[in-house]
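Structures given as structure tokens follow.
One chain, subunit A, appears in both complexes that follow, with subunit B as partner in the first and subunit C in the second.
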Partner chain A sequence: MYEFDWSSIPGALPFLWTGMKVTLEITATAIVFGIVWGTLLAAMRLSPFRVLSWCSAAYVNLFRSIPLLMVLLWFFLIVPQVLEHVFGLAPGSDVRMTSAMAGFALFEAAYYSEIIRAGIQSVPKGQVAAAYALGIGYGQAMWLVVLPQAFRNMVPLLLTQAIILFQDTSLVYVSALADFFGAAYKVGDRDGRIVELLLFAGAVYFVICYSASLLVKYFRRKVSA
Partner chain B sequence: MAYAWHWEVFLQLAASGDTTYLGWMLAGFETTIGLSLASWTMALVLGSLAGVARTLPGRLWPGLGTAYVELFRNVPLLVQLFGWYFVLPELLPPSLGNAYKQMNPFLQQFLAAFICLGFFTSARVAEQVRSGIQSLPKGQKNAALALGFTLPQTYRYVLLPMAYRLILPPLTSEFLNIFKNSCVASTIGLLELTAQGRQLVDYTAQPYESFIAVTLFYLLINVVVMTAMRRLESRVRVPGYLGGK
Partner chain C sequence: MSMISIRNVSKHYGSFQVLTDCSVEVNKGEVIVVCGPSGSGKSTLINCVNGLEPFQAGEIVVNEVSVGDPKTKLSNLRARVGMVFQHFELFPHMTIAENLTIAQEKVLARPHDQALEKGMKLLDRVGLKAHAHKHPGELSGGQQQRVAIARALAMDPICMLFDEPTSALDPEMINEVLDVMVELAQEGMTMMVVTHEMGFARKVAHRVVFMDKGAIVEDAPKDAFFGTPRSERAQQFLAKILSH
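So, the complex of A and B:
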């Protein structure tokens, strides 16, 4: 039988925490930029201008039909070259973190925009009509009347997407960027304790995501109440 | 940025000597399709069982079903894959573990990815099946039981046939996801589509062409699956329900 040896974990905790901070940083940036860009995409999709709504639809469908891993590989390939070109960075400077953040933000925006679009459409039409009747313009009606109600309905779905995103950040493994999972794997590889470290990483992810999903359930009950 | 495009690279003889680089891509494409379809079958069976378990009376079966779903939904796919590939063989009895490690590497990787995607997706399928069953009016189950159907018969002849028709649209998106998720198998070295694309970059130094080709293959899968499922959906749609006629 396999003999477990957990002794390499306590010493590695600071390193694992550094990894967790990378994970959280990527997750947070992607959530913020994903929601902002996603809201814009949703507004474009629902706007009366054909060109805008077509562009937004093409963007969303493209990103939703290719795997996240593929998107990340694209970004690890292209972003460094673009940055070198635009800012005159020295070739080979470490921009993996920027690439990862850009990749996740642009990818998640496609998913967020679908959630937000459904949220906006869930607001009764009468609300917009009433706003217009009061003499409020399109922009203000959106900002002051529709979006606040839409976001209230969307909170559970947005949070669920955030949990998925948090789990998906482990895919930066392909760039050898040491996020939490990458750090755990490195420690396990170094000490020949892959089994323990992977089980530990799995347990940590489970505890965080499960607690977050309980929070989502709580919000869901609050919204529907 | 001057980039020298060389699309003809796909027609060159690959380093393996027996086929072109396009041949490599197609081999990867086949692996992606094979892996996804195999895992999907497993996910449908296990997911249906777990989903039904969550709707059964009593506490034991729903509890087990919930634990199953939560376990596979709250651990990242990559961690699960590494778990099946690196951890499980160590924890198995030595004879089994060694038998696994002595298998052909492709089979090892395929098996780990297949089991991983199967379990991972089954948890999501289970959620759909459960919500499908729960969205049916309570009267359907009670009526079936009152007519003398046993509980298994009620599920087999009354609840499940309706539930599956109702959940077809969300199942379609899970089906699309399994193709996309299958690319994670490239991290353990399985030569599926994405891995072939990366290998092509190493061999030909034409990153854009090979990544564009891989992306197009995924788009192709997406379009084909969507079109096929739309047809199926319009055939099995339940009249009178949301989205029905």
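So, the complex of A and C:
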């Protein structure tokens, strides 16, 4: 019978926390840039200009058809070399963190843009007509009338996507970047306690994600109220 | 003096003809009721007046500004033309007070205090001053529509368009909205009203325009319209809606 030994965890907490900060940093960056870029993509997709709409659709379909792991690998393998070339960085500079953030942000934007597009379309057309009828122009109608309502409807879906993203950041493991999962794995590997550390990491992911999903439930009730 | 002049306007969606050669004159201070069976193009016609819907042929001139002219800045025109919708279309994420002030501030660039004062005055006028802090969802349909009228009036409109303002309301709320509209008409507001409320038409309309299948079948002074409608279609329509 396997004997659990949790003793290596308390001492490793500061290191694990460093990992958690990496995870949160990647998640937060990807959420912020993903939503901003995703909003732009959604606006392009819904715009009357064919070229913009087509470009946005192509982008979204491309990223939604490629496994996230592959996108990340590309970013880890190709982007650093491009950056080195373009910005004249010293070869071997550690741009893994930047690559990870960029990869996630661009990938998530594709998903966010679809959520945002649906959210914008969920706002009744009469709302825009009412704004126009008051003399409000397209831009302000979007900003003052449509987007606030759209975002209200979208909050649960955006949060759900953020929860998925938070879990998916563990894929930076392929670049040996020490996010929370990577840190836990390293500690386990060092102390020969991989099972305990992975169980602990799993528990932490569970608590965070489950709490967040309760929050989603709360927002869902609020939105439908 | 003509406030709204609709001249030979035609509109089609693809091959479907929605409006055929429609002409209506609305003079300053006149109240025109537009009625007709559903799908006859009444709402489309009124939506063309402030350019919410484009039209392919003819001309609409509002206060000497051509609506169809690509050089016309539609938002400037719309800021002066009040519109009230069937489904109120208050902004649900804003309070009643914000609904009343937002366009005053963003479009007319009125200072907030001034906009709020104006909004509250109009809210008081439609009897809803106590509800200023609430959101539209907390109000009844009739109350929301009265707010929508106040919101349009806050822009100091030169004329008002009403697109079936009472048809989404429960019967007991129709009158509170009509009362506001009657008062407005009696004050001399130029109004173009799409409605089936013939009581309203009898009370305040100067002329009644009857539409069928996208065309204007009859355009007559109120008394002539209700007394002796010339077209058979208008006679049938009146018989149907007035028989109860």
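Convention: the second predicted complex is superposed on the first by the 225 of 225 C-alpha atoms of A that agree within 3 Å, B and C clash if a C-alpha of one lies under 4 Å from a C-alpha of the other, contacts with A are read in each partner's own complex, and residues count from 1 in each chain.
The rule is short, and it goes like this: a contact is a pair of C-beta atoms (placed from the backbone, for glycine too) under 8 Å apart; a residue touches a chain by one contact, two chains touch by 3 or more.
Please read these numbers as outputs of a predicted model, since none were measured by experiment.
Subunit B and subunit C, once both complexes are superposed via subunit A, fit side by side. In the superposed model, A:Thr18 lies in contact with neither subunit B nor subunit C. In the superposition on chain A, contact is made by A:Tyr132 with subunit C only, not with subunit B.
Of the two partner chains placed by superposition, only subunit C is touched by A:Gln140; subunit B is not. Looking at the shared chain after the overlay, A:Gln121 reaches neither subunit B nor subunit C. In the superposition on chain A, A:Ser7 makes contact with neither subunit B nor subunit C.
Counting the residues of subunit A touched by each of subunit B and subunit C gives the higher count for B.
Touch criterion met: A:His85 reaches subunit B, while subunit C stays clear of it.
In the superposition on chain A, A:Arg152 makes contact with subunit C only, while subunit B stays out of contact range. Within the superposed three-chain model, A:Ala201 lies in touch with subunit B and out of touch with subunit C [touch as defined at top].
Measuring only between alpha carbons, the smallest separation of subunit B from subunit C in this overlay is 23 Å. Put simply, subunit B touches subunit A in their complex at residues 1, 70-71, 73-80, 82-83, 86-87, 90-91, 93, 176, 179-181, 183-184, 186-187, 194, 197-198, 201, 207-208, 211, 214-215, 218-219, 222-223. Listed in rising order, the residues of subunit A touching subunit C in the complex are 124, 126-127, 129-137, 140, 144-145, 148-149, 152.
Put simply, subunit A touches subunit B in their complex at residues 1-2, 62, 65-70, 73-74, 77, 81, 85, 163, 167-168, 170-171, 173-174, 181, 185, 194-195, 198-199, 201-202, 205-206, 209-210, 213. Interface residues of subunit C facing subunit A in the complex, by the touch rule stated above, are 47, 50, 52, 74-83, 85, 87, 89-93, 102-103, 106-108, 151-152, 155.
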